[in-house]
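Labels for the chains are A, B, C and D, by order of writing; each one numbers its residues from 1.
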Amino acid sequence: MIGNLPYVVVVISIGLGIYTLMFKRNLIKIAIGICLIENGVNLFLITLGYRKGAVAPIYTYAPSGQAMVLPTPQALTLTSIVIGIATTALILSIAMMIYKHYGTLDTDQVRRLKG
Amino acid sequence: MNLSNHIPILIIAIPLLAAFLVPLISRINKKATGILTTLALSVSLLLTIVLAVKILTVGPQVYVFGATSPSLTLPSGLKFPIRIMFQIDAMSIFMGLITAVVSFLGATYSLSFTKKYDGVDKYYSLLLLLTVGIFGMEFTGDIFNFFVFLEIASIASVALISFRGVDLGEPAEAGFKYMVVSSVSALMVLFAIGIFYGEYDVLNIAAIASVIKYSQLDKIALGLLMPVLAMKAGAVPMHMWTPDAYSEAPAPITMMLVAASQASLYALFRVVFSLYNISLNTLTVGWIIIIFGLLSMFIGVTMAIIQKDIKRLMAYHAISQTGYMLLGVGVGLAVLANPEALKNYGITAMEGGIFHIMNHAMYKGLLFLTAGALFFRTGTRDLNKMGGLAHYMKYTTIFFIIGAAAIAGLPPFNGFASKLLIYESVYKFNPLLSIIAMVVSILTLASFVKVFHSAFLGPKLPQFKEVKEVPRSMVFAMAVLSCIIIFFGLFPDLIVKNLVHPAVMSLIEQLQYTGTVLGGM
Amino acid sequence: MKKIIFGLAFIIFFSFLIVSAINMRTFGEPTISEMDDYFIENAQNETGANNVVTSIVFDYRGFDTLGEATVLFTAVVGVVALFRGVKK
Amino acid sequence: MKEMSRIIKTVTNFVYGFIIIFGFYIIVHGHLTPGGGFQGGAVVGSAFALLLISYGSMNSNKFLKEDIFSLFEGFGLILFIVLGFSGLGITFFYNFLANSGGWFGDTAVIGVNPGDMNTAGVIPLMNIAVGLEVLSAFGVIVLTMARGAEFTKKKENS
């Protein structure tokens, strides 16, 4: 169990994000919740690639003879971080636009679309 | 250099290059952007048709990026692929044809429809990117690549849904909802990818399928992937974004959103059939999909009847029609482990479900385009404010009748052909399901009769005196869709035999899917 | 009522995550690493780059990177389109 | 956004050049050291954000031009996809320059080595293209959102 502690951190981060999405009523808080989930997932990917006592997979001036960590999760995480930036930028812009039209960020008051 | 080997990538790369060029072109000439978009998408449509002919005659195609040859999946003695690849079989190209037709017609329709908008270059750029995203989701054979294209498609659709958000609050609100839904679902897909990667250390779908063990973790991955993809497809317990997004987007974009949600549906089928296949407890999972389908059919149509907004009404019908596809394919999945029942009625049910995907894209696209035409001329979407429009808009009226008859499943239109396949095969599985499907169909007809009556019939209204027929490019797009609907309705056997049946077989036979990548097994 | 449904969904989802965390392989000891070992051994030879991660990002999975750049471009176009009516 | 105090502006004047140079170093050395187009582009983008917040959105319009950024963005993306296309003689995204002896075509020393700039084929070129795209994308996003924030605030007061 103690070996799996990093996964537990991942789970807590994702769980907090989902909690924020479900129970908070502020658009900015919802955006923060999405960022929390995203960070949890990125952390999960990076965690998968770790190998005990290994060095970064770069040959320039690397200490010779040591194992290297798995490189693929790092590439995947890089991709997903950039995608996360794009998502966050768009979601914040839309929140700003909603604030401009409705004058509030409360989801209970931002509800013209119903039924 | 033999270009015919590179068709799979050209289908995606040409619209992508055009999307990058459009902002630069608009600095020189604003009007050229629309023409460039239409041109790029028509090239893409032609290439898709060529590729479809090739796949249906020769067999599944593979395209490996960056390898020394496009079909070299396993370089020198490896047992697993290391590069990203496109893996296009009959099912993928079936979806690809839908996307190509819909995106080309959407761009043509937009030529006139976007006259009132400013910032048209951004609109066209996003439209091209949305097309690229949908194509990529359907063609890719790599699970992480699927995630990337899912994000492209969802970010582009969010930007297009909230495109009118500068002046109005509702589009921004719908865009926010869709953004939250799609980013959460994409992140859950990424989590499932992480689980697969941690367990098997491969990212290729076929390679995962060949080693999958259906352990506890695989069950959790399925439990994450299935609801999330069903949510993106607009099935009922998680359908809250669909009416908002469909009704607030511009009409051509709504048509493309239908194709985008069908790409998620395709991904759901791909996960269930090609990734897990027989290792699943197929009866349970099949029934889960059938229940999703039943709920979607029934709740969708009942919510549609009470709507006043024409596009919102059609959006609820889109949910209800998604139920038919889930029902047909769910029945096929439930009997997958039972060869006799599969041969008896399972394959027919799946043919009905898959054929319904294409039919739905065509007639629902046509209906959304007619709604867009009404909005273009009258400036309202409220059914209570419309009336007597048949006097002014003759072509639009005819197209609406064709679309409404097709969605209600009247012969000789295409909706009838696929619904009949579903009814007769589902009846053998469980008569009750078939009866529910028929009742929903009747309710659909009732709802569209109401729309027709309140929008088109009645006396001439004074406020619509200036209304006239929509411009030529919009009529062209609607006419092409009507022709496709009538053609499919008149010759359903031809389509089912040549397009739908190979698609169904490529879903069912998992060994063929993995064998394309990993060699004969 | 809505809160109860949301709470139930949240609990189910959270238990999913907990179960997956417990079942995951031990941290720091990958059981299968065939694909990554191939990259570590051959990336320098095949692409000539010292940085294995860069050679994956731009060579082995270069198409992903094109998609990623496209996502960023899409977001930029979306943001600019959203604020297009706003003058300086 | 208002401009900030004189101390911050002076420090910004001093620092932003170094940040930009560091970002370009990361971009160009992407195939040898940790980093690459995205990371370096993000560093340069942060220098633009620093300039924007210390000078305020009104004043920084004089030296940060959205038009030029969007031009560079399109240019970087087109360079990237053209590099992909130019491998089309073999496959899309084929690394046609690696180990060819020409530009960036030296054969790398296998194993641990001090690094040679002239290796890795199209990877350095792609790094530059992506770096250009990312830094200008960051510039456009930051500037546009600052402009939008100004606008929403005005609405609030009136």
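One rule holds for everything that comes next: a contact is a pair of C-beta atoms (placed from the backbone, for glycine too) under 8 Å apart; a residue touches a chain by one contact, two chains touch by 3 or more.
Source: prediction; values computed, not measured.
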Remotest chain, subunit D as reference, centres from CA atoms: B
Selected interface, B-D versus C-D, where C-beta contact pairs are more numerous: C-D
Subunit C and subunit D, separation of their C-alpha mean positions in angstrom: 21
Centre-to-centre distance between subunit D and subunit B (centres being mean Cα positions), rounded to whole Å: 36
Euclidean distance of C-alpha centroids - subunit A vs subunit C, Å: 9
Centre distance in Å when subunit B and subunit C are each reduced to the mean of their C-alpha atoms: 25
Set of subunit D residues in contact with two or more other chains: 32-34, 36, 38, 70, 77, 81, 84, 92-93, 95, 111, 113, 115, 134, 141, 144-145, 148, 151
Residues within subunit C bordering two or more other chains: 20, 24, 30, 33, 35-36, 39, 44, 50-51, 53, 57, 59, 61-68, 70-76, 78-80, 82-83, 86
Contacts with 2+ other chains: residues of subunit B: 16, 20, 23, 65-66, 144, 148, 151, 155, 158-159, 162, 165-166, 172, 198, 203
Category of the chain touch graph - line, ring, star, complete, other: complete
Contact set on subunit C toward subunit D in their complex: 44-51, 53-55, 57-59, 62-63, 65-66, 68-70, 72-73, 75-76, 79-80, 82-83, 86, 88
Residues of subunit B defined as touching subunit D within the complex: 1, 6, 9, 13, 16-17, 20-21, 23-24, 27, 63-70
Touching residues (chain side subunit A, partner subunit B) in the complex: 14, 18, 21, 27, 30, 34, 37-38, 41, 44-45, 48, 72-73, 76, 79-80, 83, 86-87, 90-91, 94-95, 97-98, 101-102, 110-113, 115
Subunit C residues touching subunit A - in the complex, by the definition given at the top: 3, 6, 9-10, 13-14, 17-18, 20-22, 24, 26-30, 33, 35-36, 39-40, 43-44, 50-53, 56-57, 61, 64-65, 67-68, 71-72, 74-76, 78-79, 82-83
Touching residues (chain side subunit B, partner subunit C) in the complex: 16, 19-20, 23, 65-66, 78-80, 82-84, 118-119, 122-123, 125-126, 129, 132, 136, 144-145, 148-149, 151-152, 155-156, 158-159, 162-163, 165-167, 172, 195, 198-203, 215-217, 220, 223-224
